[in-house]
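Next come two complexes, and both contain chain A; in the first it sits with chain B, in the second with chain C.
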Partner chain A sequence: MEADRKLISDLTPEIEKTSIKWYVTFFILFAIFSVGVYGLYQQISKGHIVTGMRDNVVWGFYIVNFIFFMGLSYSGALISGVLHLFHTGWRKPIIRMAELITIISLIIGPFFIFFCIGRLDRLHFLFLYPRIQSPITWDVIAIITDLAGCFLYLYLSFIEDFAILRDYPDLKVAPWKKKLYKTLSLGFTGTEQQHKILSNARMVMAAMVIAIAIIVYSVLAWIFGVTLQPGWHSTIFGPYFVIAAVFSGTGLLIILMWIFRKIYHLEEYITQRHFVNVGVLLTVIAAFYGYFTFSDYLTKWYGSIKMDSILIDKLFTDYYSLFIFANYIGILLPCIIIAFPKFRTIPNITIAAIIAVTALWVNRYIIVIPTLETPFLPIQDTRPDWITYSPTWVEWSLTFAGVSVFAMLFMLVSKIAPIISISEMQEKDKNEILK
Partner chain B sequence: MKDEAENLSDGSSRRNFLKKVGVGVGAISVAGIAGSSLLKGNEAKAKSGNLVKLLSPEGKLVEVDQDDIQSPKDIQPAKNETVEEHKLEARAGLPNRKFAMVIDLARCKNARKCVEACQEGHLLPKDHEWMRLYLLQDDNTTAKYWFPRPCFHCDKPMCVSVCPVGATFKRADGIVLIDNQRCIGCKFCMTGCPFSARVFNWKDPEVKVPEGHVYDPETNIPATEGTVGKCVFCADKLRLGELPRCVSACPMGVIYFGDILEDTVTNGNETERFSKLMLDRAGYRYREELGTLPSVYYLPPTQRMFPVESGLEDTEKSIKDRYKNVGPR
Partner chain C sequence: MRKKTIYTILVLSVLPFFTSGTFAQEVTKISPYVTLQYFKNTDDQRILQTTLTYSKNRAELPLSGMEISFFTGADKKESLAKVLTDNKGVARFELSTDFKLNSDKDGMWSFSSEFKGNDTIASGTSEVTIKDVRLAMTLTLVDSIRTISVKATVIESGKEKPVSGEAVKVYVPRMFSLLPISELTLNEAGEASVEFPADLPGDKEGNLTLVARFEENPAFGNVEKRETLKWGLTTDYSVPTSHRALWTKTAPKWMIYTLSVLLIGVWGHYLFALISLIRIKMDAKRKAKEEYRI
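Our next item is the complex of A and B:
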């Protein structure tokens, strides 16, 4: 396996040396993470009373974060899976990132469920006494399958790279890393037969992860959809959540492309073309997502079902600014920025993506919380925290801890493996890709 | 138990029947509530000769010898079963029963005795109400009314369907219970229940449990941090042939309780045919359209015994404030 020195040092900037910047960033992220750990300790020792959740709003930030992170995991499934299946050439520099987003957010997502559960010590009951009629059991099965599938898919794309790193003569890395590459490359030497097997396996997995991801996110939507609650009980929720997930995953991919391009000076590999292409993809998805959002709220608003009216009233009074931001600005603005060629600069597209991802998080929030604040029987209570939900510092700290872990895991991976696939960027492909 | 069930259905001997269901003197109303497994020995005994008039489940007046009647107190189950055995029994429920509650909205004046008795009986913290009193108004053009809400013990309970670990379950006698030693606290049942019947133990409930008390899903004592609780229809009382605490505590006789299979409900003083009560008073279930098939029925607040405002007269301020903004819903 051969690759030129420049490619390796460009795409694996952190493998041989660790910069001061890396340490500083990691330390800051770790500090944020530690605050979250302290918050969790408070929650476990004092009970869930330290959160903003009460008997009416029993699900808060944690569930919002859970569905949000699970949604981010879509970027890998869609961008990488679909682009792989269609042999899209320009995908090659960015699919590794997309696949990493998938795995990392899939690992973080379920932790928010653990934070939400009252008896973490009984988590194994999910396996000891499972009941298949519960959507949570569907979720457990789906997420485990998704994790296994996506992990395999990611690993398959790594094998060739590990082989390259293993065979590279003067790679200045610790012996354990060399050993690791040797083990993980599974004796790949680049024979024609090996290439064929690997390429077939990746093709199959690309199709699989798309299917599994659709199932996972539909199941997630059905946790809400199957209940009788106003605003949740909707047949559209499965596909709606899937589209929303792809939307956020694509947005995050753009943001990470910008960050990595900046930090690791990958201007040569990730070009404006990638931003425009993924940006256009984001716009198309935004159109679908906006259409689903509109359909869902229009039918609730137009009819006269009492509980729906009460919910819509609440969304347009107490949640007015959040609603406008999530469902108008967050969808239309990215579309406008990317639709006009003269706005399509790298910073503009990145800003559009940041707006899209933030708005999607808010959209999840106004799906979960207002419904729980409008139960069928009116809330007749004098305790303010029982009437309206407001997150406490514990929930905020764990939310930021989730984000910091996301970044830390990315940084750790960049210490071991290339963040852009070296094998895909070999000289023979390079011209085709970058032209 | 199977044999007894057959005996009951062929109705061969009324005297035998009454003996088996264990009707208490002076507690005629409890007819049939005690478990039929609580059978006294069959040995022959001298009769007292005192005949007592009783109302049979078919609505006929019958006379039986006093000695043939067992008070529910005499027929308590043997308490030598293990905790696990009892838990299994608590999951199965009482055989040949289908419990139901009828709440007469015309009589309720927010006296809150049901809430207090429930909290006391189940050692609930003050801010936990399994029985909750709402002041409802359907529209501007319609009247306000007091609305006591226990758990509805639905026949198609969403809470049971969505529970991932089988911590909440539906029994043969219609009661929905929670095993809080199984509950993982995911709160899915709370979002599943359209009637807000469930409460969560957000912190350690800090209740003093009597010494030697063993956890029993039929009382849900003691409440456990991080798990869900709710009205249990006083399944422990029913096992003893007694009425639920809220029923006995209500000074207005608002709450009737009984067995649909026997077509009888009672509020402790008055005993009624369930079907007749439904027919005469146009009984209904709250939000029938959701299709959860509650076991709790309501009688509409027609020809009320009290004006609705009287419910706010002797109430403490913190309770009164709950109803400040009551409007059409």
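Our next item is the complex of A and C:
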């Protein structure tokens, strides 16, 4: 397996040497993570009283973050699977990022469930006494299955790159890294037979991760959908969650493209064309997402079931700003920015993506919290400030810790593996891609 | 000059951290709530209970591990016991049945409890005056009509006298709380009765517990009588296992089939991918052997 020096240097900027910038960034992220760990220590030692969760609102920031990160993961799988399956020419510089979003989000997401559970010591009961009838059991099975599948899919995409790095004579890395590349490349030498086997396996797994992503995120949506709570009990929630996930994942992909392009000077590989293409994808998905959102709220509003009406009133009063931001600005603004060709610059598309991702997180917040603040039966003799939810510093710290771990894992991967697939980039149609 | 300015700024910025401690006012002590209650249960056991709490952020919080002294007598107090409050701020003392209580000229018993306070919590006391009441509950079944009758009497000047005009509440304990059945008012003879509903579920044998109570009565405190009898509907609470449903132990077959098909399908493809990896490894070994031979 051979590759030219420039390609390896450009696409593996942190493998041979570690820049000061890398250390400084990692240290800052680690500091944020440490604050989160301290917050978690406070929560474990003092109990959930240090969070804003109380008798009514038993799901707060943690579940919002869980849904958000799982959404990013499934969307990463969907995007990379679709791009790979349909041999989209321009996919090559960005497909690795989508794959990494999948795995890293999938590792972080479930931790928020652990933070939310009051009795972590009983966690193993989920495996000892599973009930197939319970959506929680479906979710546990789904996440494990998804994690295994995504790791396998990611590994398949890495094999050729590991073989290239193993065989590259001038690569100045520690002996353990060389050994790692040798082990993980499975002796891949790029024979026709090996290419055929690998290609078939990747195609099969690409199709699988698409299917799994749709099923698994639907399962997560059904945890809400099968619950007889105002705002949650909706048949549309499965597809709605899937679309919302792709919306956020596409936005995050654009943000990561911008960050990596800027930090590692990948202008030659990640061009405006990639931003426009993914941006157009974001616009199309935003349109679908907006349609689903409107459809969901319209039917609830028109039905005028008492609890649904109370909930919608609450969304347009107590949660007015968040609701408008999540469901109007967060959908329309990215569409407007990307729909008009003269606005389609890289910074504008990135700003649109940041708005989309933030709006999606807020959307998750207003799906989870207002519903729990609107119970069918009010709890008697409770303090008013226990009915409403307000996140504490502990929840904020763990949220930011999740984001920092996401970035740290990306940085650690960049120390071992190429951030853009070398094997994909050195294919014969490279010039065409970079055109 | 510049140094002096920097020192001045430093001193001024650090000063606020010390002032709060240096010039702080004397710490205000917590004002506790001391509540003494009298209970007489169905076995005629008498219990004095003191609850020690304080208010913080509009919530009433318990003060645990505090010593509460119980006394009897109005003018001349006689110490009964000293008990520590538990984690709910409650200190309980049971009066033994052979303990002779001195009553005043109206036949009233006086009890008090005292918390002496400490460096951070102020002291507090609470008193109750109780007249011993005898509460009786009779349950009769005539022509399939279930009737609860209660009677309350007190001893005055050595004679038993009826209690009239007071409220007695009747309950049936359910899973989480007491279900109110009726609130009766005692007549001149100290009696009251009510028909018991015939449609209340009991246990699998139809057993129900009935509770008649004086609740927070200013003269009698909390006095109750309990009786258990088969006046309820027989109810089988066991989880049905005979059929498959969302709420039974065994899941519906369609769920098992769907989940199995999905999992076999997905993990089958994973297996294919894993076999592909093994084939790549084997192909690499075969190629290496061929190269070695050459």
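Assume the second predicted complex is superposed on the first by the 427 of 435 C-alpha atoms of A that agree within 3 Å, B and C clash if a C-alpha of one lies under 4 Å from a C-alpha of the other, contacts with A are read in each partner's own complex, and residues count from 1 in each chain.
Heads up, the rule we're going with is that contacts are C-beta pairs under 8 Å (C-beta built on N, C-alpha and C of every residue); 3 or more make two chains touch, one makes a residue touch a chain.
As the structure is a computational prediction, the values presented were derived from the model and not from experiment.
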Combined model on chain A: chain C and chain B, fit or clash: clash
Larger contact residue set on chain A - chain B or chain C: B
Which superposed partner A:I197 touches (first chain B, second chain C, both, neither): second
Touched partner set for A:I67, first chain B, second chain C, both or neither: neither
Which of chain B and chain C A:W59 touches, first, second, both or neither: first
Contacts of A:T227 with chain B and chain C, given as first, second, both or neither: first
Partner chain(s) touched by A:I310 [first = chain B, second = chain C, both, neither]: first
Which of chain B and chain C A:T189 touches, first, second, both or neither: second
Which superposed partner A:Q133 touches (first chain B, second chain C, both, neither): both
Partner chain in contact with A:L152 - chain B first, chain C second, else both or neither: second
First, second, both or neither for A:I212, with chain B first and chain C second: second
When the two complexes are fitted on chain A, the stretch of chain B hitting chain C, from 258-266, 276-284 or 294-302: 258-266
Footprint overlap on chain A, comparing chain B with chain C: 131, 133, 383
Residue numbers on chain A that touch chain C, as the complex places them: 131-133, 138, 141, 145, 148-149, 152-153, 155-156, 159, 186-189, 191, 193-194, 197-198, 200-201, 204-205, 208, 211-212, 215, 383
Parts of chain A lying in touch with chain B, wherever the complex brings them together: 46-49, 53-56, 58-59, 113, 116-119, 122-123, 125-126, 128-131, 133-137, 140, 223, 226-229, 232, 306, 310, 372, 375-383
Of all residues in chain B, those that touch chain A in their complex: 127, 134-136, 149, 158, 161-167, 182-188, 190-192, 194-196, 198-204, 225-228, 287, 290, 292, 318, 321-323, 326, 329
Partner chain A, residues of chain C touching it in the complex: 58-59, 246-247, 251-252, 255-256, 259, 262-263, 266-267, 269-270, 272-274, 276-277, 279-281, 283-285, 287-288
